[in-house]
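Chains here go by letter, A, B, C and D, matching the order in which they are written, and residues are numbered from 1 within each.
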Amino acid sequence: MNDDVKHSCGLFGIYGHRDAARLTYLGLYSLQHRGEEAAGLVTYDGKTMHTHKGMGLVSEVFNEATLHALPGRSAIGHTRYSTTGSSSLKNSQPLVVTYAKGSIAVAHNGNLVNAYSLRRELEGAGSIFQTTVDSEIILHLLARATNATFEEDLAQCVRRLAGAYSLLFLTERELIGCRDPHGFRPLVLGRLNKSWVLASETCALDLIGARFVREVAPGEIVVVTSAGPRSIFPFKDEPACRAHCFFEHVYFARPDSQIFGESVQAVRMRLGRQLAREHPVDADLVMPIPDSGNFAALGYSQESKIPFTIGMTRNHYVGRTFIQPAQEIRDLKVRVKFNPIKALIKGKRLVIVDDSIVRGTTTKARVKSLREAGAEAIHLRISCPPTKHSCFYGIDFPSRKQLIANALELEEIRKFIGVDTLGYISLEGMLKAVSKPDTYCTACWSGVYPIPFGGEGDKFALEKHAGQGCSG
Amino acid sequence: MNDDVKHSCGLFGIYGHRDAARLTYLGLYSLQHRGEEAAGLVTYDGKTMHTHKGMGLVSEVFNEATLHALPGRSAIGHTRYSTTGSSSLKNSQPLVVTYAKGSIAVAHNGNLVNAYSLRRELEGAGSIFQTTVDSEIILHLLARATNATFEEDLAQCVRRLAGAYSLLFLTERELIGCRDPHGFRPLVLGRLNKSWVLASETCALDLIGARFVREVAPGEIVVVTSAGPRSIFPFKDEPACRAHCFFEHVYFARPDSQIFGESVQAVRMRLGRQLAREHPVDADLVMPIPDSGNFAALGYSQESKIPFTIGMTRNHYVGRTFIQPAQEIRDLKVRVKFNPIKALIKGKRLVIVDDSIVRGTTTKARVKSLREAGAEAIHLRISCPPTKHSCFYGIDFPSRKQLIANALELEEIRKFIGVDTLGYISLEGMLKAVSKPDTYCTACWSGVYPIPFGGEGDKFALEKHAGQGCSG
Amino acid sequence: MNDDVKHSCGLFGIYGHRDAARLTYLGLYSLQHRGEEAAGLVTYDGKTMHTHKGMGLVSEVFNEATLHALPGRSAIGHTRYSTTGSSSLKNSQPLVVTYAKGSIAVAHNGNLVNAYSLRRELEGAGSIFQTTVDSEIILHLLARATNATFEEDLAQCVRRLAGAYSLLFLTERELIGCRDPHGFRPLVLGRLNKSWVLASETCALDLIGARFVREVAPGEIVVVTSAGPRSIFPFKDEPACRAHCFFEHVYFARPDSQIFGESVQAVRMRLGRQLAREHPVDADLVMPIPDSGNFAALGYSQESKIPFTIGMTRNHYVGRTFIQPAQEIRDLKVRVKFNPIKALIKGKRLVIVDDSIVRGTTTKARVKSLREAGAEAIHLRISCPPTKHSCFYGIDFPSRKQLIANALELEEIRKFIGVDTLGYISLEGMLKAVSKPDTYCTACWSGVYPIPFGGEGDKFALEKHAGQGCSG
Amino acid sequence: MNDDVKHSCGLFGIYGHRDAARLTYLGLYSLQHRGEEAAGLVTYDGKTMHTHKGMGLVSEVFNEATLHALPGRSAIGHTRYSTTGSSSLKNSQPLVVTYAKGSIAVAHNGNLVNAYSLRRELEGAGSIFQTTVDSEIILHLLARATNATFEEDLAQCVRRLAGAYSLLFLTERELIGCRDPHGFRPLVLGRLNKSWVLASETCALDLIGARFVREVAPGEIVVVTSAGPRSIFPFKDEPACRAHCFFEHVYFARPDSQIFGESVQAVRMRLGRQLAREHPVDADLVMPIPDSGNFAALGYSQESKIPFTIGMTRNHYVGRTFIQPAQEIRDLKVRVKFNPIKALIKGKRLVIVDDSIVRGTTTKARVKSLREAGAEAIHLRISCPPTKHSCFYGIDFPSRKQLIANALELEEIRKFIGVDTLGYISLEGMLKAVSKPDTYCTACWSGVYPIPFGGEGDKFALEKHAGQGCSG
């Protein structure tokens, strides 16, 4: 299903390392799955902020020359996907500005639900905007704050924000990480010898050989200086419920990461086992949709005792551009990525496990290619409940109309996709896979929003108020 | 181990399709694993040969504009790796020339062992050479042949060649496929409605929706014209032993392909089962080195009843260029591609399955990263025997000195790599995985060469004579 | 001398033409001489501003695809040189922002002398800055203005600016041109059928076939809407002296342009005639330093009756990058551009005419190459007085220390350059070449600044106050 | 007129200089006017030939990295234009091959008139061709020669060639220059300290500071080794008439070059003086079509006493690609390059001097733009006779049908172009401008071909036989 949902963004920052730019580049490399369409990196060398940003993959945006031109011992970086209409370079992050207190850079993962009203308010006060990203709003708020200290300005600024935000700031003095009080998006703190690292996921720490220290707490601001990290809690007087994004476990995060206190791989294995318990079937082989269904399929196989196999060959060379022949080849796009292994599939009853169904069209095409390879029966198992609702906290699902589970009943979906049986895990079953089920946002499945929305319209439609969807 | 062995080349040709260039592009796409460093495509439009070649992946070499500039109903294409000193564009294939009989293009997979002497002979007769690839020799031989018909010229030409060659020719009238009499490299014939296709592997047929007709026989020339394919057998009076490259099964070919009468995936599963029988061990988990060990690991798991898992996360974005940080990060290169999943591995006794060990350094680094992730014991199992000998038939192994199995005893290799136990499959056990074991070349393991070598020196060191290594 | 002085910027805007982007591209093409290092273009299509900017020449920055992606019936464009430290893309113009009143783009030719204090003031009020160009200051001022109408905002904004500015604004409703009250930089109004054009020089009107209507007056704001242009005079109560930049006549402007009420070519011819009267000499040939001295040399020749010739061949292919050989070739850089024609020069007494001497090193090298070609005597004539003072109004001379006329006496300069005689035109003589000599700024020669400077430091060192250097 | 005639090619070679590649790059730079569409450079470092070739200008094809990868103390280079159908990279020169005697590179300026028959002959003997350039034929002839020495092979090879050829060869031992016995194309020998240089024109010697030694004689082979140059005269027993290309003087060669024993600039001045004598007129100003008419206009002005001026401004930034607006602007293409200076031209009677008229369309457009600028009368003077015939010796004129002087009478041409009077120099008058008029080829004007043609068809239509057009 991984072509239908746009990813979240990836953040990486480091303080106090002579090779800051290259380590940030590596960190972004390992967070590439969180945003494939643009990447950016800012360093500070004691005098000047140095920036390089570009459209494309991390490996396309940076080379020896661009990294060489990013001196300094502290850095932050960002990978992003581009929502419609804002895919241009000018919207890529980190955003760097100068203001009364010097230079500052910011990178954001998430989505502010009061962006529209904040922007109108700022424009009314004479602000000009050069981008359409939330980061620029945040910087305007910071620049207009007039407290005695920068930390007070920062606390005042984040208290104005509603929605999902994990943020990194790079200033002339410090590296700062910050998570919204609900904790929608992950952010972790790590240590590499005497340097400190902030990253979206622990897999970025692993790559550079950094030690995982702890997660940044929801509502916490971590300020890293040469004295090490210290914490500010701007929301300590108004505690918010936890609302970790369960979709990070199901799909976004890398299986080798630890987020929200869990191993992503272990959660996925448990989802597969639970699926086997909820939707058992008599079959010959269990196989994943490659990568997205891997661990849930392993879990299903172990619980059901049906042998696990890898039934499709992945073409590792498939890039983002792919030229179609003039005469359409049926399901070419699906086949070019994963080719079913006929010799393995022919005459077999298969359990196919995937993480989710969004539009359903890709899944339908994959099922068809398995039928053509000779599968006798196909039983599809999905490791999350039917996805029916939009996300306002940083995930770019298709519109509700395009969500198949919103338009069709279960039996209709089964027919559309063309499988013999179809089983989604239940919401309750899914939550059993984590140790603190009441600390999660499940809005895209349950429709219960931790921060419900007002009436501003579309993406900027939500206002901050008491969250009915907040269970913990 | 897949970084240590240079791949073979990939061939694709089609006759009689209005979308010949795009289908060839797709075919090359699915054969990318056979050669990542250059790609080329030639079409014939009834009047002119059109060529586009470039360094890089198929997706980098071609775009809408370049494909648009390749009109015609017949085409051949080539993907290649670059051997040292000849990585420049001028050596990329197909090679296109004009001669007395018109225009002709040729693409070659394999290696001629009498290239050196043929070239000297041709130069002595006044030939000039613009490249260093075998294809140019073949074209000179063809141009100097003076038989009554082109087919006789062709037969005369291939009878002069010694070594491994699967060839595609595109002329102004026909598409021609040809395999050396030993059948070292694969070549298959397929059909797409009224068009005929020749390709290195069946996976290329799958992608474009073509039907697999049969393999081109060793020693057969298939000439495709508008009347369909017909066969010529230039070696019918001097039959040669079969010498299919077993390394294609072990490593080169895609698991979803069928070659040498076998499903590659099924052969690999059987190799894994045999490995489990030859080298059993008490352990908690069986896991592959991702991709290269997948099916052997599945076979090992099924035979041994030890649960299968995926213990490393693959970074799908790793490109061919990767920038190292100034300060070296230990084993970074290994970790950037596959990151061990700590939560899964910690405290476990692992069976790691891979297809081969060439230099041993990459394997050593992977083992180290698994140890750091907390593995309690690591048992390495290899689905081919120790690789000790050079290949003269189209595979670019490191020099014999760099082959670890040539330099060290088994116990020394185990210590070097740092595993608790190490087990290679036996040559006999390996050959049990195929139905006709006496039709294979096993020279890189056994040192028994089907076409033994003379004394010309290095790559061009072999001359054709009776093959002691030929068992079938 | 044209390598030593950085050019000013070029502006072009059009309102009400369906081919606005392409005509602006052409306009910029003809204004390329005013800024070679970056170019940008903004269009408005009734809904959205579309922008494309890049580093390099106009022909490098734009292509069919980029122009195609710039729809709309109104547009403004900019060519610029890059001052030190700000050569990056982010500083290229036009600058486009959204604010309370919608979208707006601005492009600037000139230099504000109160930029530093305005920026400090704005930052103190909470503004953030993403660039270091004056245009961003201007937009902040505009966004913070709170008058009843946009035109009042505009008038208030420009009244805050001190220094040299010709400005173009593109809004959702209008195209606006504006010149500072001293009129330092040119700006002309033209008409192409029903469309209106604003440009730095008339040569841009010629290229697109537009008719020259009139110059925008110093201190005038021209607002073009569908009703045609109308004028605002925000300085009508505080008239300023005229201070046209004479260096535009001497060097910057194209000879086929008309600016400040004069034909540039005719002014240069008159400068040459005056030079001949002030510094006559007995010689065989008069020749220009190609292009920069052309018309002054023609004038000198006509007045002196010494035959005119073209004594150097220009290499038209010399680009901006030029690779030096490892072993230095004497004066290569000079010779690669203009090669003396030995057969013409040998044994001749030459009068060489150029527009100015800045550092003197290029002139010295040219003289040497003429000596080597066999010139018997070389008499250098310069069509402006010795350049001794910095410019704060938009021309980027080298620092005062590097200005040869500031460091050396006339006789010393003559010796340094290696000529037999050296003659600069006098300031009085130069001013005779124009009809209204008292409307010009001559600060770089006379040191008399129309807007004298305060003490803020370097580029931002000037504050607005009564101008002692203002003669008209 | 310079857009209608494709240039010849440029050659440069150097022997015995540690900076051979960079000096060759510089030499090509100064010969860019002889071929703008591709450039190539080959060096020999004592072991290996190193090659870099590309489409585009010298400055586009080479950069620091590519030059750095061209080590060695000897080198040859080539600039070329691309004739239709062969503009691809594979046809760019120098061509490098290996053959029985080692590696050899060749670069060619000119056109063989027996290319077709030589190629057929070679193909009949089994040769294959990878390009369509004459150089490949020459290399095949050389490789098939079987004399005792390389020099005999070389002599035998060039004796087989008919037509125009200045050639450079680079071998593992020597640098070789060679001119056909008629001497159609120039080739000069120079010296830079202890190194020897061969180049198409002396301007290339000037740039690198080399001394002009002498021209290579028609029919001479100069072999440069470490012992210095020595000469071979393969045609000494069959002397051919001289047939220097007069068009080199009129248009091709750079005015600062010396070729065929004359200063190009001086020849052009004399052509202008002769024109004034043959076609006097009463006028106010003489002006050239910039660059192409410069020296003839100066000569005309001096002879006629009518003042010389520069009436158009050249846009120095005009590149080879230029984007047209959707709505056609009249004569834009003409105006973008040269803009008439209205203030100068208005009300004047002009003598316009140009080197030639080929199709006439560009000239017509220029005349029109001068009329629009207000010229009262326009008298066109052309410094060569009407161009009526094709060239078979290396110049790519339009087809005879497109040559305006072939289709129309003088008065018709005058009307078509729109001038008040039109005067071409006479053939006799033109030849007076050189000291040895009977050593020139005037075929394109007179139709008298030094090497007349047989019947093979178009470009390859000529066979070598006694030359009726050979006057000297």
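In the analysis below, contacts are C-beta pairs under 8 Å (C-beta built on N, C-alpha and C of every residue); 3 or more make two chains touch, one makes a residue touch a chain.
Keep in mind it's a predicted model, so treat the numbers as computed, not measured.
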Q. So which chain is the furthest away from subunit A, centre to centre on CA atoms?
A. D
Q. Where the CA atoms of subunit B average out and where those of subunit D average out, how many Å apart are those spots?
A. 50
Q) Hey, how far is the Cα centre of subunit B from the one of subunit C, in Å? A) 63
Q) Approximately how many whole Å separate the CA-defined centres of subunit A and subunit B? A) 38
Q: Going through subunit A residue by residue, note those that touch at least 2 other chains and give them in order.
A: none
Q) Who touches whom among the chains? A) A-B, A-C, B-D, C-D
Q: Please name which positions on subunit B make contact with subunit D in the complex.
A: 95-100, 123-130, 139-140, 143-146
**Q.** Of subunit D, residues touching subunit C in the complex
**A.** 18-19, 22-23, 25-26, 29-30, 32-33, 36, 57-59, 62-64, 67, 203, 206-209, 254-256, 258, 263, 265-266, 291, 294-295, 298, 302, 307-310, 312-319, 321-327, 329-330, 332, 335-336, 339-344
